[in-house]
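Both complexes shown next keep chain A, but they swap its partner, so chain B is in the first and chain C is in the second.
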Partner chain A sequence: MADSAGVEVKPGTTTETAGAPQVAPKETQGSEASRQRVVSPEYMFFEAPRERAFITGSEAAKEAIRRANVDVAISYPITPQSETMQQVGALWAEGYVKEYYRGEEEFGVMSAIAGSSRSGARSLTATAGPGLMRGMEVVASWPGGRMPLVLLIMCRVINAPLSIQPDNAELAYLINTGNIVFHAENQQDFFDFALKAFVISERPEVTLPVAVAVDGFFVTHARGYVMLPPKDIKLPPRDPYHEAIPAMDNENPPARISRDAPIQKSNFISYHVHASWQQEVWAAVERSRKYIDKYMGGLVEVVNPGADTIVVASGSAVSQSREAVRQAEEDLGERIGLVKVRSLRPFPTRELREACKNAKRILVPEFNCVGWLYRDVCAALYGHSKAEIIPGPRVFGGISLPTEMILQYIFPDKKFAF
Partner chain B sequence: MSNKRYNIRMAGIGGQGVVTASHILSNGMVIMGGESTLVPFFGSEKRLAPVESYVRIANGKIYEIGEIIYPNVIMIFHPQVITHGKSYTMPFYSGLKPDGVVLINSDHPINLVPDEVRELKERNARIYYIPATTIARDKAETDLATNMAMVGAISAIMGIPDLPSLEASVKERFLGKGFVVSGGTAALDNVIERKFAKKEQLLRKNMEVISAAYSYAIEHGWAENRQAAAV
Partner chain C sequence: MSFDNLKMSPALEKYMTKEYRDLVERGPYGKQKKVSEMGTFKEILEEHPMCAGCAMTLFIRLTMIGLPSPEHTILVGTAGCGRLALTQSSIPFIYGNYGDTNAVASGLKRGLAMRFPDQPKDVVVMAGDGGLADIGFSAVMHSWFRKEKFTTIMLDNEVYGNTGGQESGMTEKGSILKMAPKGKLFEKMDMIGLAKTANVAYIARVVPTNPTRVASTIRKAVLIAREIGPTFIQAYTSCNIEYAIPTPKVLDDAKEVETSRYGFMEIMSDEAREFLESLEPAKKAKGKKSESEETVTAS
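So, the complex of A and B:
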């Protein structure tokens, strides 16, 4: 028998027994975490006073989780995500997160967090690049399981040659799984989107997982200014009994159809069930729009509306485009439009058509070689715009996108760099 | 002050304090009320291996992220970056924007091959040689203050950050906040600190080096035509 066998572990106290796992609840009376006050999402997002901090993207995510009233966080390390979930571990130690552990690998983590979500707990996990690929089988099944949870993604190269640098090709399939997907531009976005994702995810008419992607290193490991509400307030807890699917119900869909799959009965039943089920999932994705409008200021941000040339971008490509737009205006006297896409799913089809209705040229700069945003922009504008839509500029393998490259695409007749 | 912004690529060899110099310059800009971001780039941390650091400084808002591919200021901390190719970016001026500045630590002009001379001329590059290591030896009696001389000279050339902000930045680096960039640079800080009896002495010597290099740049007329290098 282990030495610790005779040690009585009282709830609410910690044990120092050597070799014994630390299983006691971390939250202690009088801790800062225990004194956190529940506030409404509206107060948290819009009314609470905010102070400016100069922090990394990983720290911004930590501060969002601190205020998100998270029940369960499950992690598995991968660069450049590790730093964030390591900090969430520190939050658990301080009592801000109720349960936290390291899974076996990403397939196991994504499966476990699904169970956590279906049981009614507010759930968080995070991964990056190859980790998202490994967990994708499960991630793609979350929306059909109607599982409200938040997945943070710190984008990283997935293709060979091996690299740990930011390249967001990994989002190409994720945006077609029925998950809601936001793409954060900077540290402030990463804080705001992560916090708001929980509330949007758990709305009764949404009841879907939300992925908040950010380009690794550029945001996660670099410091930026973030306006933070006080840390003594938190979001209301999840209310799993006011969602589309009751928690812990194993006798009705969706739990019932994974245990007792329609395909085992008849192909035709299976086809019908699948069609109606997935249409409802995608309808729920669309129903999240009103909360994205309400809490996040809309699916897009438009700079210089009505310009002849418009840059459409998401994530770090927005930051680079802002600087290119500034240089075009200040140095060349040219007004260039910019559409920042905050939400990749639901996709801002209406908003893009409106913003680009008078555009003559549209550029889509991206940090990946496949051009997934370009394809979506083309599909949204087909038949609704006479503009030439230019695929690029693009950078591969995680290098930064120089503003000179964007300016070269905007002004092909000028020369911007050697 | 008019809107100013510089994209700086620093290249040197491991142990010279390139990353430290970028932090001091960057933090000096923030202290002066501007904005700055920096991205260090190196392989495994070891002496004499190539090191680069990218710094953006501006007195306005900075949006850009990541490495600087097209700098308008290049700082070469060691002649071997050029003569031995100890660099991640070859040739040493690759990506240099027109009318840019190259500040090179060398007591004498380096013999460049004709193609390099031509390409630098095509870009209308301003090339300045500063004896940074010699200044460091004269003022602080150590090569390790070479990075301070480079910081002093470049702030004279660019006009930002000013000397009081740099002094505050050096103070913060060595006296304040327990600031750690990485294990390797922290160990180097300790080596430097041991060379001096007191941290105050270390600070004073560093500031002497910065001021001497700043004056050197002013005396040689490098501070003229500052605005030409802004993005």
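So, the complex of A and C:
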């Protein structure tokens, strides 16, 4: 990997551009971490030279955090997430992350990360399946608290019989909380989305937590090619004084969302305060669209637009669908469309309507038994498409999704072996 | 910096209420007020929606006087009666989820310490017995084991007052309350003992019968938490509604409870004691020095 970004590097100097002064701890002075240079998000995302690495999804997350200028990271082990947050611990030991500890369990961790976000610090945690469900009371309260932070999720089974296997049923709950939710397809996405999530989360008109989900094991524990910018650059620090509500640092008047008794008690003021506040939260989710367009290339990626049959998928189901689309074209001479959903919240309603306006059949393959993406697709296209929307194929509990299974749904009259 | 937040813009000064001007001009900011001066300065908490005669409210007012640096303090609370008063104070207050106080305070304190290395920011958790000993128990214990540098104050009214009078872990054995229709079947939880087990740097049990002692206990706890480690105050703040204590008799009840079972107790580590003595070298910190690391002063 390149040592510099092709720009001047001044060893041993702090190069912060804004926010509270940050001084490397004594033991890390002179280290690689202390020599990191702040660059603009645009430089980091689009201009910095990138080199190819062959790494796991967990390592991709680590490389994103190394460049994300994170202040506070709080960890708790759960398979298949543990490797990521222990690697973040290694980054803390090397001085790339300023504060780090292992919390008591996920309710405590999600609460503590809310505290650190409210202190004005750039904050990170990660969890998986049952851990997300355990912390959900807190996770559902973050958006109303307008707390910028990043939550990485390595999806796994949440229901009985208990299993550590990949399955993303947990996202059915998360997408209805007001958190921004991205779903990464592969190791490259996981690196890019995690890094970009911090910038989108902290935009003044957004000021919301961003969850970046990825399917456990398929991505976290498998290697893939990831194009990485150099490790001697990092994002600008968080500026908590340019966000929708101020930090709770007693350096400025606090937001009064949790203060006034009339707001907490049952009365007409409280109903209206709550209703208008939640409308604003969801409006802020929508306002993140322009940054998703700018930094992530849009809420969706469309392959073979205008095809009669379109597969709509997110996460690992996209990789399998991509391969099924290739097989259909090369082996069967059939052109099949594919819509990759990058952002689950905000949901790409208008993008889907545009991509599917001529479709006759739409398939929604998923790695869960409830079909949350199918429901969202149906709701988005209702009244806007005459296509038959097919719920599946679905696999869950750790079962893989063979491309032949997707092809069988696309071509029900043919016979595929899987 | 932070006191500047409260100051009035000169152009708007004449439109501000008398109460607000008093807070800015005659508040306790930047100077340690004494309990004996009550009535001569504007308190941080005066008006509140608490029940008439509520002992918890008296305790909270005294707490505000004891805070060494209210202009650099952030309060953390959870559901319960106490937060109805805390929300009315001129100190930033975080009202999070049920039982999350000590986890929120851990992240908050670490983030503030990182952002303001040269300005102590005091984090103070103030929540009820249910919030800390029942639903928030795990977070409380782990914040102590991790040696998080903030103060935990339990408003122990021995009942879930805000939800209408249910038994809590801190209720006395035998008390008949909602959800304990046959009387509570197990002992009051020994949170003081648990704090000792966790080596909490400063532990106090107090009843608001002696206002000056309440304020000085708070002050010590917050200062020690700033420098040494976690501190814990368990305060008897009776619920006169659920325990049917006649309003004029609230302090009589407090005195009776203090005498019979809830006497003042203060335990501090040698490190905490040395730190307090270093602050006021002329005045040795009170309490007999024992052979163990702890000193107990009961009255």
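Simple rule for what comes next: the second predicted complex is superposed on the first by the 373 of 418 C-alpha atoms of A that agree within 3 Å, B and C clash if a C-alpha of one lies under 4 Å from a C-alpha of the other, contacts with A are read in each partner's own complex, and residues count from 1 in each chain.
Everything below uses one rule, namely that a contact is a pair of C-beta atoms (placed from the backbone, for glycine too) under 8 Å apart; a residue touches a chain by one contact, two chains touch by 3 or more.
This one's a predicted model, so the numbers in the text were calculated from it and none came from an experiment.
Peer 1: Between chain B (first) and chain C (second), which, if any, makes contact with A:Glu404: first, second, both or neither?
Peer 2: After superposing on A, A:Glu404 lies in contact with chain B but is clear of chain C.
Peer 1: Would you check which partner chain A:Ile113 touches, where first means chain B only, second means chain C only, and both and neither mean what they say?
Peer 2: In the superposition, A:Ile113 touches chain C alone.
Peer 1: Between chain B (first) and chain C (second), which, if any, makes contact with A:Gln187: first, second, both or neither?
Peer 2: neither
Peer 1: A:Ser58 contacts which: chain B (first), chain C (second), both, neither?
Peer 2: In the superposition, A:Ser58 contacts neither chain B nor chain C.
Peer 1: Which holds for A:Val138: it touches chain B only (first), chain C only (second), both, or neither?
Peer 2: Once the two structures are laid over each other on A, A:Val138 reaches chain C alone.
Peer 1: Could you say whether A:Ala222 touches chain B, chain C, both of them, or neither, answering first, second, both or neither?
Peer 2: first
Peer 1: If you tally the residues of chain A touched by each partner, is the higher count for chain B or for chain C?
Peer 2: C
Peer 1: With both complexes superposed on chain A, which partner does A:Ala121 reach: first (chain B), second (chain C), both or neither?
Peer 2: Touch status of A:Ala121: second partner only.
Peer 1: Within their complex, state which residues of chain B touch chain A.
Peer 2: 3, 37, 39, 62-70, 95-97, 119, 123, 231
Peer 1: Would you tell me which residues of chain A are touching chain C in their complex?
Peer 2: 20, 23, 71-72, 74, 98-99, 101, 103-105, 107-109, 111-121, 123, 137-138, 141, 145, 248-254, 258-261, 264
Peer 1: Would you pull the chain A residues touching chain B in the complex into a rising list?
Peer 2: For this pair, the touching residues of chain A are 186, 215, 217-219, 222-224, 316, 319-320, 322-323, 326-327, 330, 399-404, 416-418.
Peer 1: Which of the residues in chain C end up touching chain A in this complex?
Peer 2: The touching residues are 1-2, 5, 49, 71-74, 76, 83-84, 87-88, 91-100, 103-112, 114-117, 121, 138-139, 142, 146.
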